[in-house]
Amino acid sequence: MVMQRRPDLTIRIGKLDLPYPTLMASGCYGSGEEFEPFTDLAQIGGVVLKSVTRAPRLGNQTPRLVQTPAGLLNAIGLQNPGIDWYLEHDVKKFAKRPCKIIGSVAGFSVDDYAYVAERLAARDEIHALEVNISCPNVASEGETFACNPQLTARVVRAVRATTDKTLIVKLSPNVTDIASIAREAQDAGADALAVINTVRGMAIDVQTWKPRLGNVTGGLSGPAIRPIAVLAVYEVARAVTIPIVGQGGIETTTDALEFFLAGASAVCIGTANFTDPRIPVRIAQELREYLEQRGVASIREIVGKANVGFASPFQYEGDEG
Amino acid sequence: MVMQRRPDLTIRIGKLDLPYPTLMASGCYGSGEEFEPFTDLAQIGGVVLKSVTRAPRLGNQTPRLVQTPAGLLNAIGLQNPGIDWYLEHDVKKFAKRPCKIIGSVAGFSVDDYAYVAERLAARDEIHALEVNISCPNVASEGETFACNPQLTARVVRAVRATTDKTLIVKLSPNVTDIASIAREAQDAGADALAVINTVRGMAIDVQTWKPRLGNVTGGLSGPAIRPIAVLAVYEVARAVTIPIVGQGGIETTTDALEFFLAGASAVCIGTANFTDPRIPVRIAQELREYLEQRGVASIREIVGKANVGFASPFQYEGDEG
Amino acid sequence: MPAVHDVAVSDATQLAPGVFLLGFHAPALVDVTRPGQFLMAIPPGGERCATALGIYEAQSQRASVLFFVCGPRTRELAQLRVGDRFAVSAPLGNGFTFGTASDVAIVAGGVGIASVLLPAQALVRMGKRVRLFYGARTAQLLVEKDRFAQEGCEVICATDDGSFGHHGFVTEVLANAQRKPDLILACGPSPMLRATAAVARQLGVPAQLSLEETFACGVGGCWGCVVPLDRNSAQAPGFPGADAGGSDAVHARICKEGPVFWAHELRW
Amino acid sequence: MPAVHDVAVSDATQLAPGVFLLGFHAPALVDVTRPGQFLMAIPPGGERCATALGIYEAQSQRASVLFFVCGPRTRELAQLRVGDRFAVSAPLGNGFTFGTASDVAIVAGGVGIASVLLPAQALVRMGKRVRLFYGARTAQLLVEKDRFAQEGCEVICATDDGSFGHHGFVTEVLANAQRKPDLILACGPSPMLRATAAVARQLGVPAQLSLEETFACGVGGCWGCVVPLDRNSAQAPGFPGADAGGSDAVHARICKEGPVFWAHELRW
């Protein structure tokens, strides 16, 4: 069955209307400008900017990157100029981009998050906010906000109070039960959830007997983590009603489809841009062809279509080998 | 500097003396017999048997396996004949193996674990026990024992009470803080810790719109998870004093060395046997060459040598992108 | 006796788009291979499980595999050039058994063709009458059909698109064949195997099916490749674990107890 | 203007064990490449970041890369055969600047040789005097040294094992050279670059170093490849984030602000 009109790829995340369901991941795409020579930004949904903090950050010692099997370890350390300089010099440039711009907020206290979010959201060049809660909370011995339901709720409530713009809360996979964190974020006012951030990992140099990353530990991204990310989306989709931005190892159209079918309303592409900057536009085009071949009118119709729950009443039974 | 005597690869785990620091992972190596045509079992440390339960289990629907980038998803569902038949027919055969045999105990209640462990440990053919606590506890809505410090402690105490043989407790990476679980297991009487079991994940078939595993979810193994496993060993090594059996994606001698340098006293090889059954013997030989070249007398001397702690007082700081 | 064989590529041919024939020098393997057995091809680049492939040819010191590129591992194997070395664990599994059959119908679909040349050759050598019922999506993918004719088989083809032979499924041709065979051997995608089993039941002819499933170890060590089998089958692993379900079915390992099973003993 | 170029391999040569020269037809790239720029080679099999490689040659519609196999990505590139297609993002980064120098010393160590042919050719064309100080582990790895002589450079070699030229580091030869150059360009492993910087300081000669670091994006988008740089450097990214440390050092991106930096401006 072939269609009359071309399948619809547009999607709405909270108040944010996207022409394509493909976002570029925070920290992986600069502000879009860096990739303009290699792709057409008008054919992607939007760019999630590198996370910005209250104070400027020099970031971690190098090496900040290590290649691993089908994966990439990174420990950038949130290098960024700080919100003041950022608002003064960077943000105005974003108006030129032919795609949506989503700011990313990071911090080390609930206050940090609220302060940066409020000032960032106040700018017209910023169409929505993502909150990167995979940061340590100084007030509780560096416990990661995203790893504690209460801390998650407090950050989200504080940020929510500062803006009406679409709020995407980005969850960490480094938890025992991501669904419970997802519920807290939804109840605290999140408009959408980004699932997942990087998985913690490390690599050791067997020649020098030293960790290979200057920061010792880092975040694992790329195809290696895709099965972990697909499951996280699948579980979160059963726990919340707000839209999910699926991410983690998306490199092909098949990969992206796994996330939509698991329950994501949009996908985010990070590390794959380091493999081939043409991938996001190719995925958008192939998604349309895929829907066309199956006579599906809109990408929205396949969201969660493979989410049939679990084989056992005990969600974890049967996958222990 | 070249040595007189060949470097020593022997290692002691609790009361278990291993001629080589290389174990074959539970569920990946049958009882050793299956791989005898392809390798020399006398050149591996030992085989960890497939986990056995109180009652027989038919296991999960197929497909039980899915290839992922540099990884393998499995959901076997602990197919096994149950402890009675196992003791009667299987165990006596193990005496023939030219390597150590480590029984693996699984269960769905504290009682199950103690019952199976006691009967298994009573047999001379079984030189040590590994406890696979990545199973759901029926009594607490299927919560995974390994994901709850109290449940972990209760299982380990119960099993400890049944035997003096070396007890290896196998930890799950699907937790917020693996170090705290490791401490509980040590305090409850574990002689050693196996780090890590598989990482939960799933894959979706974009043609049929169904999960690719019959069980929906499964456990991810192979090189893809190595950076996650190396960090888990690194963190656990800082939290406990008992030996660690490192595992997760070991395929080459370099990989194995990463685990020793992170703090493992022995390594366990699973999925790599599906890649090439010659890998374990090759790693043992190359480990000896590596030590020889560096004039290191024993593998024991490099354990934890790259474990320098963390860059920031906040263990998680800096790896959030 | 199976073993790991280090081999060198002797010839590499693309038979059709995405379909490759890879020959290699492996005297030791050729001597011990029985029809219907398979090998595990060790990936040169590592990082993945070995790939299960039927042993297509085994003659005068040369063995070969015939495969369709459908993912990263077959793509990697398709890049091997003459002279390149790689390794295989082989031979594995239990092959076909011919008994006293005198008129054998071999049913092959798609890549299934890769596992049926050796049985065809053996049966012809034994003076049996051999018909190959060969189905594929389209004419271009009916690779090696002439080869089977040369080997002395009667070759009957079917294509989904009607571009060659019968327009439809090869099992339809088998069902309506004038002469009834006294043994059916089949290898191919599981829908085709199920259809073959149904036809065999109708005709009252015993059928052996070579099953496919995702493998990890290929040697019986991981229990990843099971199929429900009649507990009374001679191939059934004799322990209760496999029938905890209480049914008369047990879970047998395709790689170890199979890959060839009697159609009437399967409980799938 | 950088872009993604789809190219076809025109020639593939093994120069020494593990060292490969890969030529490809890329007219559009050749026209715009400046000496010292690099490319990101997109991995044919995916699953990994593109590989940063210096642009070795760029002439008459053909460009090339010269690389050492040290991991999965370079291994994959080494398997490309004539006619195979792959893609590169290029040209990237800022190259060397020659100013009014008339006597230039180029220091290359190991794979560093891959980034210095284009500047050598350009300088010779401009009538400058060019000496190549070339170091490697052993004679066999002094690949392409004759090529540089043919191009009109005076070639001075050193090997760690003394198998060819000076026995020791090439920077020692530079330090004791009779004639003092008025500009030094260097590319190689960072210990060699640090030694070169020290020699340049002693001699009071300005030096440009082409740095290496693990890259991900190669285009300035991920901040994975930074090096501490004097905040007053013309190449310093003009914002405070980079000097939150309070030091006079800022973190500059090697792929974007570099890969070539003035030795005296580095704070490493």
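Think of it as A, B, C and D in the order they're written, each chain with its own count starting at 1.
Everything that follows uses one rule, which is that contacts are C-beta pairs under 8 Å (C-beta built on N, C-alpha and C of every residue); 3 or more make two chains touch, one makes a residue touch a chain.
The model shown is predicted, which means the values in this text are computed figures rather than measured ones.
**Q** Counting one step per pair of touching chains, how far is subunit D from subunit B at the shortest?
**A** 2
**Q** List the centre-to-centre spacing of subunit B and subunit C in whole Å, with centres computed as mean CA coordinates.
**A** Computed from C-alpha means, the inter-chain centre distance equals 35 Å.
**Q** Centroid from C-alpha atoms only, then distance subunit A to subunit C, rounded to Å. What do you get?
**A** Measuring from centre to centre gives 45 Å for this pair.
**Q** So what's the Cα centroid distance for subunit A and subunit B, whole Å?
**A** 32
**Q** Mind pulling the residue numbers of subunit D that touch at least two other chains?
**A** 47, 72 - these are the residues of subunit D that touch more than one other chain.
**Q** I need the residues of subunit B touching at least two other chains; which ones are they?
**A** Residues 27, 66, 69-70, 74, 76, 222-223.
**Q** If each protein chain is taken as a node and each touching pair as an edge, is the resulting graph a line, ring, star, complete or other?
**A** ring
**Q** Which pairs of chains touch one another in this structure?
**A** Here the touching pairs of chains are A-B, A-D, B-C, C-D.
**Q** Subunit B touches which residues of subunit C in the complex?
**A** Its residues touching subunit B are 1-4, 42-43, 46-50, 71-73, 87, 89, 213-227, 239-245, 251, 256.
**Q** Please name which positions on subunit B make contact with subunit A in the complex.
**A** My answer: residues 26-27, 51, 60-61, 66, 68-71, 73-78, 106, 132, 134-136, 138, 141-144, 147, 174-177, 197-206, 209-211, 213-220, 222-228, 230-231, 234, 249, 254, 257-258, 261-262, 290, 302, 305-306, 308-321.
**Q** Name, in rising order, each residue of subunit C that touches subunit D in their complex.
**A** 45, 72, 75, 79, 81
**Q** Please give the residue numbers of subunit A that touch subunit D in the complex, ascending.
**A** My answer: residues 27-30, 34-35, 37-38, 50, 55-59, 62-67, 70, 72, 74, 76, 79-82, 85, 89, 222-223, 251-252, 271, 273-278.
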